[in-house]
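Before anything else, here is the set of structures, which you'll find just below.
Here chain A shows up in two complexes: once beside chain B, once beside chain C.
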Partner chain A sequence: MKDINIEERVVSDHKVKITARGVQVHYGTTHALKDVDVDILSGTVTAFIGPSGCGKSTFLRCLNRMNDTVSSARVSGSILLDGEDIYDKRVDPVQLRAKVGMVFQKPNPFPKSIYDNVAYGPKIHGLTRSKAELDAIVESSLKKAALWNEVKDRLAAPGTGLSGGQQQRLCIARAIATSPEVLLMDEPCSALDPIATAQVEELIDELRSQFSVVIVTHSMQQAARVSQRTAFFHLGHLVEYGETGQVFTTPKDPRTESYITGRIG
Partner chain B sequence: MEPHIRSAFDKDLEGVQALVMKMGGLVEHALLRAAEALEKRDEALAEEIRQGDRAIDELEDLVNVECARIIALRAPTASDLRTVLTVMRIVASLERSGDYAKNLAKRSLVLAQMRPINGANGSIARMARSVVGLLKDSLDAYITRDLSLAQDVRNRDAEVDQMYNALFREFLTHMMEDPRNITACMHLHFIAKNIERVGDHATGIAEQVIYLVSGTAPADDRPKNDLTSLPISETNS
Partner chain C sequence: MTDASSAAPALPNRVHSILTESADMRRRNAAEGRFKLYGMAAIAVSFIVLGIMLWTIFSDGLSGFQQAKLTFPVTLTAETLDPKGNKNRDEMAKVTTVGYGKVLAASFKAELAARNIPTDGVTEKELVEIISKDAPGGLRARVLADPSLLGQTIEMTMLATGRIDGYLKGRVTMQTAERDGNVSPAQLQFADLLIDAGILKTGFNREFLTNPDASDQRPEAAGLGVAILGSAYMMLLVLIMCVPVGVAASIYLEEFAPKNRWTDLVEVNISNLAAVPSIVFGILGLAIFINFMGLPQSSSVVGALVISLMTLPTIIIATRASIRAVPPSIRDAALGIGASKMQTVFHHVLPLAMPGILTGTILGLASALGETAPLLLIGMVAFVDNYPSAPVEGFFDPATALPVQVYSWASRSDPAFIERSSAAIIVLLVFLVIMNVTAIILRRKFERRW
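On to the complex of A and B.
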């Protein structure tokens, strides 16, 4: 008889994908992120939780240099992707974002066809040489995003015509079409109904076999459901980072306890 | 600990814990009164205790329903989750202890028809009082989240074990002296064993307190003094 592996959530033997050390972010005079050290593992879903304004989205946006687009933002400290500093001058942020994809809170498909939404990234990054290759990428991305069966007969229809949940899965398909190594998700389900949320969560779990997934969520239950590692941010500090089950059953820091049990906001 | 932002959550948690304390009170009362019924050969009292067990069982059901609701509706985490889990385990212990009290009352009805065994009823009543003390302290430790009192309960269970050992030998002596004592002594022995079991449940509750407060179950073996499962020759040496 086969033993049931009850420790399937344990990912401690996974390699470190992203190493952040002493990360500080200032927006003008606001000190938004204070000295964050964290190791994000490959093949793992890492959830960032914490009250609004705690720095979790700010930190997520550091991971693919989205803060570069905010003129008042200053980022210091080091963030290494596979040992290479992503803030190095030689790194092209556009290339970096092909490796570190992002899915946003509200589904934001381009006002183009379903096909073009997914094909856009591979095209501009010159990842394909032929139409057949591009077709294959579109199909496999839509399949990975669990959307293929629902849209395969209407790839030319506008992406904006899909339902909210389908649009969000289209955005996930678009993000994974460039074969990223890390997928950042900023509250990807906050605009979705519970069934669409469940579909996206199921998808996140499947995606982690191929990508590191980092998800910012306001729903602690979602963090508990989908992640293997949880990081709790509070007032710009990374207060606690650990195995999700441990964080939700026996948090080490009293601030984590107060937050997850609904005592501080 | 500070209150929840959602005050209804606090009310739910306080509610089930109040039910646990109420149930604990009923069990303590049932044990003491059942021992008293035995000591005084009071059949009316014994019958009252037998009937009273239903109220204890109903409280357990109520607590379990409430805990299921809290888990389903509030998704408790961390110390809130441990509160719900420990409440469920504690009421299971209390329910079992209530059954033992009921069983004691039932046997006392049988024993009231038999020739009394010298000194036994008094010893059993003493043992029951000692165990009720443990039970009371374990529940006090629970409601005040008192780790040191919980530790103390764990350590004191050894005294109950010792009383049980003494009774065990006493009953053996009576049975060897006069075989006509055997039926009564067998009943008395089951009673003593059951009271000793209540001590174990009190210890279990104390361990739940340690888990609730610290987040981990106590790892070290607690002191035990029940030697009756060893061969007689060893217990006498």
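On to the complex of A and C.
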């Protein structure tokens, strides 16, 4: 795989952003995630890979407590964001989600204007005091999401009228408009064509400078292209976690090797 | 991949041109054709039944919007109507409708004499009977409202009696008149003379939409005024009571309530409530709202309370369905950027569910408008010939409702009321069509595409 350029990856000086220890998730009687320990670093793109149903999306949804909306889900273990337990009783998940943004698999813009889509987060969190500030946030978010040039003349047009790739970038702009510290992406490119995928991947790499990005992906090439660290999940277990180059070239676990070489999955 | 080919049993080798139809294909196509035919037959039958129903109603009822009316100048003789001669309303009110009837009869005869219309075939009593018994009351109200009319001669249009109206519409004929104690063939012949003279003719029956109900002897004067007002009051109250409660309950159950045995019980009971026969709600209304709470009988407020109980489950079910139809990805999106549950619901879910909620509400109201059985039990079938006053006190005044008026007219003996009953159904249908069209328009207006 030529995509992997191990030499370029410099990750050692980043500090730990999220610490997960002994995370277990049950959906009713199903034990979906078993004893996961992960440290997610700041300024890093971390990829979760693994076959379908391995628990990678479940784990991602634990990181901003989106699993709370699933009534049958039970989460145990500890997940610390900057040393604070996000499952502490005092934590309001709404406040947490302002810090840990999320982009979903299917582009899901609100059926409102492009402007309103991006402005919604800052509005509800009271991040701006004036229309001018809001305008500035919308512009900078759309610029960061590499969408500004395409939509700057039609901010009042409905966000749902954009193409799939544009919609997904709009969702990314919406997520980063609230200036989160961590950005979770659940297979953000699975509904996109290769060109849109390339744009989003490029974007993810740029976002790394400001956010800690966690991306779930089915595509190992994508994991290799965009991430600095990779975690491989299999049947609810975290099998292997390390620097992307090492995981892909010299996996320690035979299951990782089988998956990467296409024998399981 | 290697073991797949050996295990599968070999399929029979079908050598068949695709240009000809195989026996199996013919059977499948025939089945499909039959199924389509059943469907079309079912639709045809329902259209025919609907057509027959509408044709019956319209052929019976459309004539109800026309009414035979007499027009002639009336001389308001001051001696009869104001014996004291001081134009004092209180003094004038002592003259009853009998006095006004005399004035009308005198003016009518004077007009006939002036126009040289021969009256030899009919007795004087029969002549006066042609004027509706409702006319003196109308004239009295008019004069009392404006005493300056006294002594003047005014051109007046008044209702003709029900049988003459029926004669003009073909319901009463010479043959039926011979057997009828209320009208004689001589009167009908005389009516022909009046038509020729232009005194008697049919015109649009505005009174039908504004007049209150009238007694059995005066079908020509019976109108829907009180019923329309009563139905309007009830719909207003149902709207005020049902929509906030229904929508709030739906939002809570759908978005906030934990899923446990209690909420399951609530859900089952809401569905059950929707299936309870309406007459049962009538008994409940009678027992609780009238006997226990002491609210006035026959009033719109009791009717609205009873109908609200019936409409609430409909609205809740429709609202919950449209809330559930909002894609979960929208909720995820809002929660994912840190909107609270409440913000998610009010900023995103409700606007998207709005068309469905509005449609469900209006259709619920439309079915409430046609509800009859519970209203019979709480006394709204009573004969009410006073308009309820303006809201809010008017909500507690006796009133009737459109479907109940249809029922009460249909059960009266005079055929003139059958015509009015069908005409009332037409009015009811017009209101229902208006409500349904409103629902469609609102749906179109609020619908958002994505």
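One rule holds in what follows: the second predicted complex is superposed on the first by the 258 of 265 C-alpha atoms of A that agree within 3 Å, B and C clash if a C-alpha of one lies under 4 Å from a C-alpha of the other, contacts with A are read in each partner's own complex, and residues count from 1 in each chain.
Operating definition for what follows: a contact is a pair of C-beta atoms (placed from the backbone, for glycine too) under 8 Å apart; a residue touches a chain by one contact, two chains touch by 3 or more.
This one's a predicted model, so the numbers in the text were calculated from it and none came from an experiment.
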| item | value |
| --- | --- |
| Partner chain(s) touched by A:Ser130 [first = chain B, second = chain C, both, neither] | neither |
| Chain B versus chain C as contact partner of A:Gly262, first or second or both or neither | first |
| Touching partner for A:Ser52 - first (chain B), second (chain C), both, neither | neither |
| Partner touching more residues of chain A, whether chain B or chain C | C |
| Which superposed partner A:Asn149 touches (first chain B, second chain C, both, neither) | neither |
| Chain A residues within the chain C interface of the complex | 64, 66, 69, 71, 94-98, 101-104, 106, 108-111, 120-121, 124-125, 158, 160, 171, 174-175, 177-178 |
| Footprint of chain A on chain C - complex, ascending | 258-259, 327, 329-340, 343, 347-348, 352, 448-450 |
| List of chain A residues in touch with chain B within their complex | 220-221, 224, 248-251, 256-258, 260-265 |
| Sites on chain B touched by chain A in the complex | 1-6, 9, 75-82, 215-216 |
